[in-house]
């Protein structure tokens, strides 16, 4: 390290030699302050998105660095929101990165008092088994007049309104094909 | 809305609010629930528009309104009716618009009898079933054409009427009429014109009645009437904004109808700065009804078929829309065939009715509340909760949780460990001893879900606009999108059934279930959207995306999963992902995202021009007929056949789109008109009539009928109702409470109570009470209060505030209590608390099966609630004191002469002149 | 004179923030003053050949200044960054100026104190000892030269804030603190030096104590509304104790201090305690005045009304 | 100890008049950056917070915390309307105040500020929602007028910034944009800026060990990092109704004056600006406000003064005191020995 340079960087020296004798501005700026850059510009990429909270559909810009979301803010391009967000929309980054967010698959056995961990694949298999079984067990082929029902009453679903259209579509398609009809949504609540 | 105009979506777009000259916000707390959308109200205000807020609570919306008027929760129809009365009595309606574009001139059947004549119910009411036979509500002349299968089949004909009626449901089209020929009197003088019927119906909705029922002074009513009429007409427009403050009532649909009638009379529909802005609550509520995860609908508002009348495709289609009626809904066959082709591909052929029989059939109400009751009866094994938290967010939380404890298996997919995932160990019923963790047999699977930045897809926001959100990062840990989960689940189920010869497994094995996947095996959302949009299957364009639903064919040569979304992939391009900056476009911003139908931003915009196709005024020009180009042009995509001139008149016997005149702006309606009067399509009346909420400390002064006679009641021991005024024990529950949301939280809290930044802003459940009520009950600011209904008692911190005003109603002072419903009992969230929704019972609107969760009666006591089993005893004691039985509050035709004895026969006597 | 405090606030919350300082800071104020006075006494004793007083002064100064530095560092949010104080020299910052004053003062006091300490050691330090011996006087004198600034700048330190009771006292506070330092160090001299050497200490103690009492009186008068805070709560108790101890100590020092070693010691201790109470009292009064919005809002509102009225006539607060 | 030194109207004398003040640079409200040694500084920027259009959504609070990574301030229901963060703090750099008022504007403090009208005139139509209880006209319990004020508070970025002046490390400094910023890598948490601030803005961050920047002085930076690349500060960008406006100070001042005029014309006579006046005690703020009532109603000081305005005289007093001390010591030894 260059001692002389370090000395000249000493704010007292900068005060005495520069344009800021009282040491309230330029003379006392730290190196870090000088090289500060917002994470919106240091991000690897920006992805345009839509706020998940309400039905206004505000535009969001999602900034990603090292495959991690580092910032979510309003998208000024959006003609609806013009870059603005409400408190919930502004908290989107926390929604995504919250340390409290549940990211592990959990399973609770009948009568158990606690969760246990299982794999997603295994859990999906277990559900597929149960769907097939419940469907068969609760199958109604016809009504009392012999008219076709072709349905199962053993499986129901309630979806939130933060599901994508594509997700709702697959859900409706799959359940309808299975003959499950009690498929509902927050739109009714 | 579907019943009034033909489609269920918001009629305009948010930015267009700034063009309004007056904005009435009623049944909505827009500034708090849609803050960013509210900027357009502020823009309008800055330009001089008058902003009026009518709501039980002085909210952050009221704080910015020019005028705030407190109203008793559940009395909106009286207020709206009085505005209608004012408009009609003072000839303030937009005459030219009303005559040309509404059904005002249409004659109503002689059989129709209004509520005034029948002591509180419309003609056709059956007190035994609590339903209407709506045939007497028809237009004059329609009854001359008997329905195809309705002849003498008793119960079935009713079912079919209901089913056809259900088409309006939040929907994409108007209700069916048998044909387009109706009798009209353009002078509006005939006593059976809709206009005169309406005038008579609302004559009783006087300022005095408003004061008596709503607690609103005549001057305030007059102020609003003058504001909305002065700001409507050729030069000016008024917009009406509502949200769940209206829909969460047993008269929910009719409240919206009330504003629709006003907006039609004032000529505000289809015009810039006008319309009805239905504010959906959540990111894709609109989308989840368009592509419904709802029991009674298929994509594009096609009804789910019902056993009996819908056994075959032809029968089904005949029920949806008569081929003789006007409008685009006559193309229902095309839309249905395309859906079936999209789902069952080659297995759907003309020979097998395109596999129509693969669709399971309904037999009644299979809605979420009916489902929960089935759970309690152990009729349901498995339940999926997909980003939904019914333990907190649904009415009667206790019933929800007890129901879930009856399941064999429960799948919860969410971002956080919500209360519905942990009810078995930390729900309120564990504390009261009603449930024991060790006794609950339910297997629970908790799947961490992907957030919106971890998946591609579209949300459809409140103005029917689809916006694509791009995936930014991979989901963390075990998290995955619902798209990936269901795709995988479907594959696994298909694997298990592979080779099955069982006929019942055909629909699942024949299902088109093959989407391109990425390197993680996740299906492509864009491919799914493309399927929704639809493609040509054969011909030279085979494989290409459809550009509009007009390209759909009913012969199986095209397929499309949701006809109203056709065009979102026009030209093979994902139109929902368009993001041309708003500042580079006009205020309509047609190149941002994509709105159904066909990217139209203001619906029925043909009405923005006069019958001759000229703008009503320069100031409000929007879409007009260009004589030179011989087509409709303007700022938006015309919601009309673009080359059909204003002068077009349909030839004799025309039907479908060809039957629409050049001045029929409501192209999805069976007669091309906006419906002031709904001759069909609604189950509880052709015009809104005021009924008290299911639980009310006030007697209905308008009719000898307390509450909506068609509301769905569930008289069960676990669903007791508070007595309403006039019933024994009503004084035990003297107060009205209403629930609402706060800016700082998200519905049941699954996306807010886990976040420190939001939780710190509203950390605790509180109740808003007036200083007067605080005095009356000894409530201390920032202390505790216990709120009690027949279902349960909950505790909340007390917020004494001048923002809540007791209203003089029905000769007494009615106190209202405000309860934000975001909190729930559990151990996982950062902030927890009792849930306001636990207070409600289950009582539903007959039309859409939405619960009444905006208003009910209650008692309030100072201090905290009892804990553990004592809580149950505390509430039971209330029930005893109020003398609550299964009958309490659940009598549909009430009060009525001799309602207590032989109600049925007497009721029929009254109903039959 | 003080109007009935009808005023508006936001839910009674403070308008200005109380300092985040804990008791380290008033302790520092006291110790710094004690060190400064002790250096003066030490230097004077050195020049006037009062070896015990000299030793006491130098050692006292060293101990007090060392403790005060510990207190200062302890109170930092990031003690490890103590040296960042040396980044700048800001005349606008009493703490920066104070830092440099202490930097100027510290070495002298340290050398002088170390020399005394070395002499007390049972071992011979050799060259170091000799160097210390030689350096002791100039070091002591240098420290004494800066010492008055050490004692007085702390008055500016507190009053250059928006804390009402401190800022309102800005005219008197340096004088009060210097007097208090004189009383404390004089008292320390009386406590530690024999009667025959303690004369100057006594005089300083008595003079300081009397000045402290007088200035405190004057300060209360000129502060306005916030003077209330010197009479209420913890601050009130401390200020009352301070006055009693200072007056008692002064009387004892003046009338008995020259005769009785015990009386001198008791008086000296009382004066030191009185001085400490003054510092803690003023500190607490300031904290209280910041926490209660009344002391911020009412005087400012009056001032504003006077100015709005366009004249010097104070308008009476319009009662609601 | 001259009478002048002890003059009882010291503040008033010092306020904006004394030549001594100039010694420490009573900055030019438009160019404090130049005074702080920035030679080619960009135009000074700031916030104009128009509280008349604030909807109290608190997006500013969240957007600020999210951008700056500030921790929460605890989960307590404060019972002060919808305000549960209470005040600006080391972690909350934007704070929305909620005031529920029964009475018309101006009566709270008994005076109208800067209004030409007589303070005694009766309440006028304010253009604000009036909440009347039907059927009880003539009711005298005061519930005929009601309004709910909301206002987002923030660091004022004073022209004469006391916090910056008193900072002993140079951690607080004037940026090239004329804003006042704490440098987290420099601050040692001495806490001096906290009592120095006449607005009660800056605070030492409290929290568990390991909390970001715990123990350091913290406040709004006006998003210094974003400014460097021409981005709008997070709160202003989020604000749904543009109650928070960001821009160059000159332009904001013009806009604010126009807005007040518009409101006055609309009958909102109680609208007034706060903190924009270069003649004010902090030399005009970089963040100023349009208020609908007296500042203290919102928890703001009515007439804040940068404490360093009196500093020259304080130093003089300290010098005199020190000299007195030295003289006293000399005198004490000058006396006859024993």
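So that you can tell them apart, the chains are marked A, B, C and D in the order they are listed, and the count of residues begins at 1 in each.
In this text, a contact is a pair of C-beta atoms (placed from the backbone, for glycine too) under 8 Å apart; a residue touches a chain by one contact, two chains touch by 3 or more.
Keep in mind that this is a model prediction, so the values were computed, not measured.
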A-C against A-D, pair bridged by the larger set of C-beta contacts: A-D
Computed distance of Cα centres, subunit C from subunit A, in Å: 57
Averaged-CA centre spacing for the pair subunit C and subunit B, given as whole angstrom: 73
Whole-Å gap between the CA centroids of subunit A and subunit D: 36
Between subunit D and subunit C, distance of the C-alpha-averaged centres to the nearest whole Å: 31
Per-residue overlap in subunit D, given as positions that touch at least 2 other chains: 24, 57-59, 61-62, 66, 165, 170-171, 186, 240, 242
Sequence positions of subunit C contacting 2 or more other chains: 87-88, 90-92
Sequence positions of subunit A contacting 2 or more other chains: 11, 22-24, 27-28, 72, 76, 84-91, 94
Pairwise touch network: line, ring, star, complete, or other: other
Subunit A residues touching subunit B - in the complex, by the definition given at the top: 45, 47-60, 62, 64, 67-69, 72, 76-82, 84-92, 94-96, 98, 100-115, 119-120, 123-134, 137-139, 141, 143, 145, 147-174, 176-189
Subunit A partner contacts - residues on subunit D that touch it in the complex: 24-25, 33, 35-39, 57-59, 61-63, 66-67, 164-165, 170-171, 173-176, 181, 183-186, 223-226, 228-229, 231, 234, 237-240, 242
Residues of subunit A that touch subunit D when the two form their complex: 11, 18-30, 32-33, 36-41, 71-74, 76, 83-91, 93-94
Partner subunit C, residues of subunit A touching it in the complex: 10-12, 15, 22-24, 27-28
List of subunit D residues in touch with subunit B within their complex: 53, 55-59, 61-62, 65-66, 71-77, 79, 81-82, 84-85, 100, 102, 127, 129-136, 143, 146-150, 240-242
